[in-house]
Amino acid sequence: MIISILSDICLLLGGILTLTGAVGLLRLPDFYSRLHAASVTESLAAPLLIIGVILDTGFTLDSAKLVLIIVIMVIVNPTITHALCRAAAHGRISPEMESETEFSGKESK
Amino acid sequence: MNELLGHVNYWIVIFLMMMGLYMVIASSNLIKKLIGISVFQASVFILYITFGKITEGSPPIITDNTDVYSNPLPHVLILTAIVVGVATTSVGLALIVRIQEAYGSLDEDDIHDINDNDDFDIKSRSIT
Amino acid sequence: MIENLELLIDVCLLTFLLLIVFAAIKTTNLFVATMLFGIFSFVTALLFLDLDAVDVAFTEAAVGAGFTTVLMLSALRLTGAFENVKHRHSVLGLFIVVLTGAALIYGVADFPNMGDANAPVHLHIAPEYIQLTQEKIDIPNVVTAVLASFRGYDTFGETVVIFSAGAAVLLLLGMGHAEPKHEPEQNLVLWVVVKPFIALILIFGLYVQFHGDFGAGGGFQAGVIFASGFILYSLVFGESYARQVVPASILPRFAALGVIIYGLTGLVSLLSDKTFLDYNALSSNPVSGQHLGILLVEAGVGLAVFSTVLLIFYSFSGVNHNE
Amino acid sequence: MTHLPVLIVVAPLLAAALIVLLNNRKVAWLITLLTSLFCFYASVSMLEILQEVDVISYTLGGWKAPFGIELRIDALSALMLLILTGSALLVSIYALKSVEKEIPDKNQVLFYTALLMVLAGLIGISITGDAFNVFVFLEISSLSTYALISLGRDRRALHASYQYLMMGTIGATFILIGIGFMYVMTGTLNIQDLSQRLPAVADTNAIRAAFAFITIGAGIKAAMLPLHQWLPNAYTYSPSVVSTFLAATATKVAVYVMIRFELSLFGIEFSFLQIPFDKILVILGTIGILGGSIYAVYQNNVKRMLAYSSIAQIGYILLAIGLASQAGFTAALLHIFNHALIKGTLFMALGIVFFRFASAELSIMAGIGKTMPLTMAAFTIGGLSLIGIPGTAGFVSKWYLVTALLDASLWPLALLILVASVLTLIYVGRVIEVAYFRPTLKGESQLKVPKTMLIALWIFALSNIYFGLNSDISMGVSTLAVNQLIGVAS
């Protein structure tokens, strides 16, 4: 019973975080801050969702695989964000200092 | 209502196919055409997989928990078709790279213009 | 309730797909269109998963979302054409599209409802496949059984399709060679993380290759995953190093070898006067014969797909193809 | 020898792989030649077997028919096999020198690989008894075809190949949609099984839509007139060996797919009585004949001229099928066979012209009747056969077509055939006039025409005359095939 409530909470929290991440991705002004918003989804929301699922299904071989996925995500996602940032810096996309919102930002160039 | 629910998948997939086909015909850029055709093919794949689904069925991997398995045959066919699709895409992309090298453009209209010029060159050469 | 939930997820994913394609049509930036296509493939894979097609979903994720996107990006890099500002509106095109759509809508009107267990598709052949797989082949994954044994000839054709795609790309672009000056910039974070991951990816590839009888997976997915390990290596550490590990010139032969392994496995049964690809001939016990046959055939597929995928990647990423 | 049906497909596929493994140009050619020789032998011996049995069935993997894939060779398949393997044999003799000249050294090995895969794909389509398998082998042949076309010297070959890739993929996907629709209504993919299960669900939208999609898909591959845009460029700019082989075989196999699906799968009753497909075919055929011929008259590149002529010939075949009579079907099959001979001859002759002058423009051919007498004589035989002069193969099939038209009391269309023949006379006449009655251009090429090319060309040319004078073989197989088709349907 408690486990199922816990799982629900995890799932709900994960869902909310995903949503905020998505909103951030749309609303934030430049490439770097958008990446920041996306990384929230990656590094917290997704593990939370997976933990929720694990709690719900109980501990089987499948949940071991899910744990592995969490581990991989935790390692890989920051690396990808790092690589993307470097690529952006390499491609001379400068962070926007003013807070003017620009939807089709400079990163498309 | 039942009819509607049972067919809504098909209708959306058909709309997806139409969009893919439109992308092929209406884009003048060769890469976009190729994306369009991949979308078109992928929607056909979804159509096939939809055939194979049984409500409350499980994936066709035999376990002790269930007796209802979705139809494995469409899965096999589409597995083959996906590979064929990728093969086509890669050949198409290779052609695109060569076209860009040879014509300096990936725009179909430009390429047609250049081709017409080539034709004209040959004619004028053969007259002289 | 559950059926409606499945349908709901379905419709949501399909709506996603519609939006993605719409955006892809609208965008004037080819890079964006390519990325959207990658997302499209990935959502398609999710949809397949929801429709119980685990093997297909796996293939779509590995091949469609992974490999195709990498290829398209490499092609974009080579052509350097990222902008595509022209829109053209073709009345004839719209007419053709609407006509096709109308014909499709007309056709599906008679279809049995989605998920109907009494549809003709589920009554003929498919039940026999599930039953025969349990009796004669004795592996849990029916898709693998149908793929490699019942319709093994199709799969042979499929392997040849991949091989011919490799040959076609090689004819068009050549093998290329790595640009010596063009080393990727040194990036310690990537190096540290990627190194163990390449090992993980390769192990995972092998797992998928040999676990195909029991769960989702098989030669195709394994081949792509195995190749993607090398592609990752090449992207992070530089292509010239990757080419030292697996030289491009050996890959066409590997691919051909894969096709030949498949073909010879089929031909062996002719010796004992069984038909082509009849794996019962491979062993005194029909069931273990089937196991052995499927193993060999999947190995051939895996080898052919791995080498072709890597070869195509080399062709696109190398330089100076037209000399 | 019971394994011939599968060996005829697997041999070229494995040979293609073997060529890559060995990676040697001469060996590649030799393997190609031996493989096509074997395939030709196999198809002839299967034709012999078919004199005694109705159909050769071969179940793959030891699974019986609707579960496993079945190879099914009836007289119609055997006719296609004869065309395919015969052309392949001659083309591979011809290829030795032509490929050396036209294809860069580093691509030659893969060229033969692709050629063998096209052959295997087309053979696979012709003998399979499984609807989905048609799609797989269609793609094997198509992918290799795209690569082969793109090897033409002209950069327009690349664009032609891309156009073909687009249209071909749409066509193949349409066929896939059609197969899916049939599958969803019947639950099976085996053609034999489908033809038994279809009548029960024939009166549904889904089956009618399936019919439409398969027809359009095959129509694109066959370059049926409004869907023909890919063909002229593809034939014009591809290397000679490729255009010869494609002109002799590729579109015919697409027509075969159409016949196989519409006559033996959907059945004559469905195709011609429930939906008026015969009328549609007659209209499309007529447009094709006239449109193709008129376009051909205006071309200055002889390869392109012949490409448009091919579109017109597909029109003849479709028109003959559209008559929905025994005579009409026989005429269609005969024309498939004879047209392969005709176009094989013409494109091979052009290939030799191209070999010497690196061009197939009409103006370049001035006076070459004197400098290349053997080549142009063969071209003339092919041309006469295309027009339909008595004593050539082209005459036989046109004669049967006109008789079939008169039987159906469609004399206006019979007149139209005559008009089209006059148009053919005009465009073939233009080439012959330039070749024989214009002064030779200065700067004559010194290249000697290799003997292998001439031998292959003349076998093709003489077969035009042989099958024009003695049509026992072609007629026999065609009649047998038609009887089986009608028998299956009734």
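Each chain carries a letter (A, B, C and D) given by its place in the written order, and its residues are counted from 1.
Keep in mind that, in the parts below, contacts are C-beta pairs under 8 Å (C-beta built on N, C-alpha and C of every residue); 3 or more make two chains touch, one makes a residue touch a chain.
This one's a predicted model, so the numbers in the text were calculated from it and none came from an experiment.
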Required steps from chain A to chain D (each step between touching chains, minimum): 2
By mean Cα position, the chain sitting nearest the middle: B
Comparison of C-D and A-C by number of C-beta pairs in contact, larger one: C-D
Rounded Å distance between chain C and chain D, as computed from the means of their C-alpha atoms: 31
Rounded Å distance, chain B centre to chain D centre (Cα mean): 26
For chain D, residues contacting two or more additional chains: 132, 136, 139, 143, 146-147, 150, 177, 183-184
Sequence positions of chain B contacting 2 or more other chains: 21, 51, 73-74, 77, 80, 84, 87-88, 91, 95-96, 98
Shared interface positions of chain A, touching two or more other chains: none
Chains touching one another, given as label pairs in label order: A-C, B-C, B-D, C-D
Contact footprint of chain C on chain A as seen in their complex: 75-76, 79, 82-83, 86, 90, 108
Residue ranges of chain B in contact with chain D within the complex: 21, 24, 30, 33, 37, 40-41, 44, 47-48, 51, 73-74, 77, 80-81, 84, 87-88, 91-92, 95-96, 98-99, 102-103, 111, 115, 118, 122-123, 126-127
List of chain C residues in touch with chain A within their complex: 29, 31-32, 185, 187, 189-190, 193-194, 197
Of all residues in chain D, those that touch chain B in their complex: 132, 135-136, 139, 143, 146-147, 150, 154-156, 158-159, 161-162, 165-166, 169-170, 173, 176-177, 180, 183-184, 189, 300, 361, 363-364
Contact footprint of chain B on chain C as seen in their complex: 2-4, 6-7, 10-11, 14-15, 17-18, 21-22, 24-25, 30, 33-34, 37, 40-41, 44, 47-48, 51-56, 59-60, 63-64, 67-68, 71-72, 75-76, 78-81, 84, 86-90, 92-94, 96-98, 100-101, 104-105, 108-109, 111-117, 119, 121-122, 125-126, 129-130, 133-134, 140-143, 145-147, 151, 154-155, 157-158, 161-162, 164-165, 168-169, 172-173, 214-216, 220, 305, 312, 315-316, 321-322
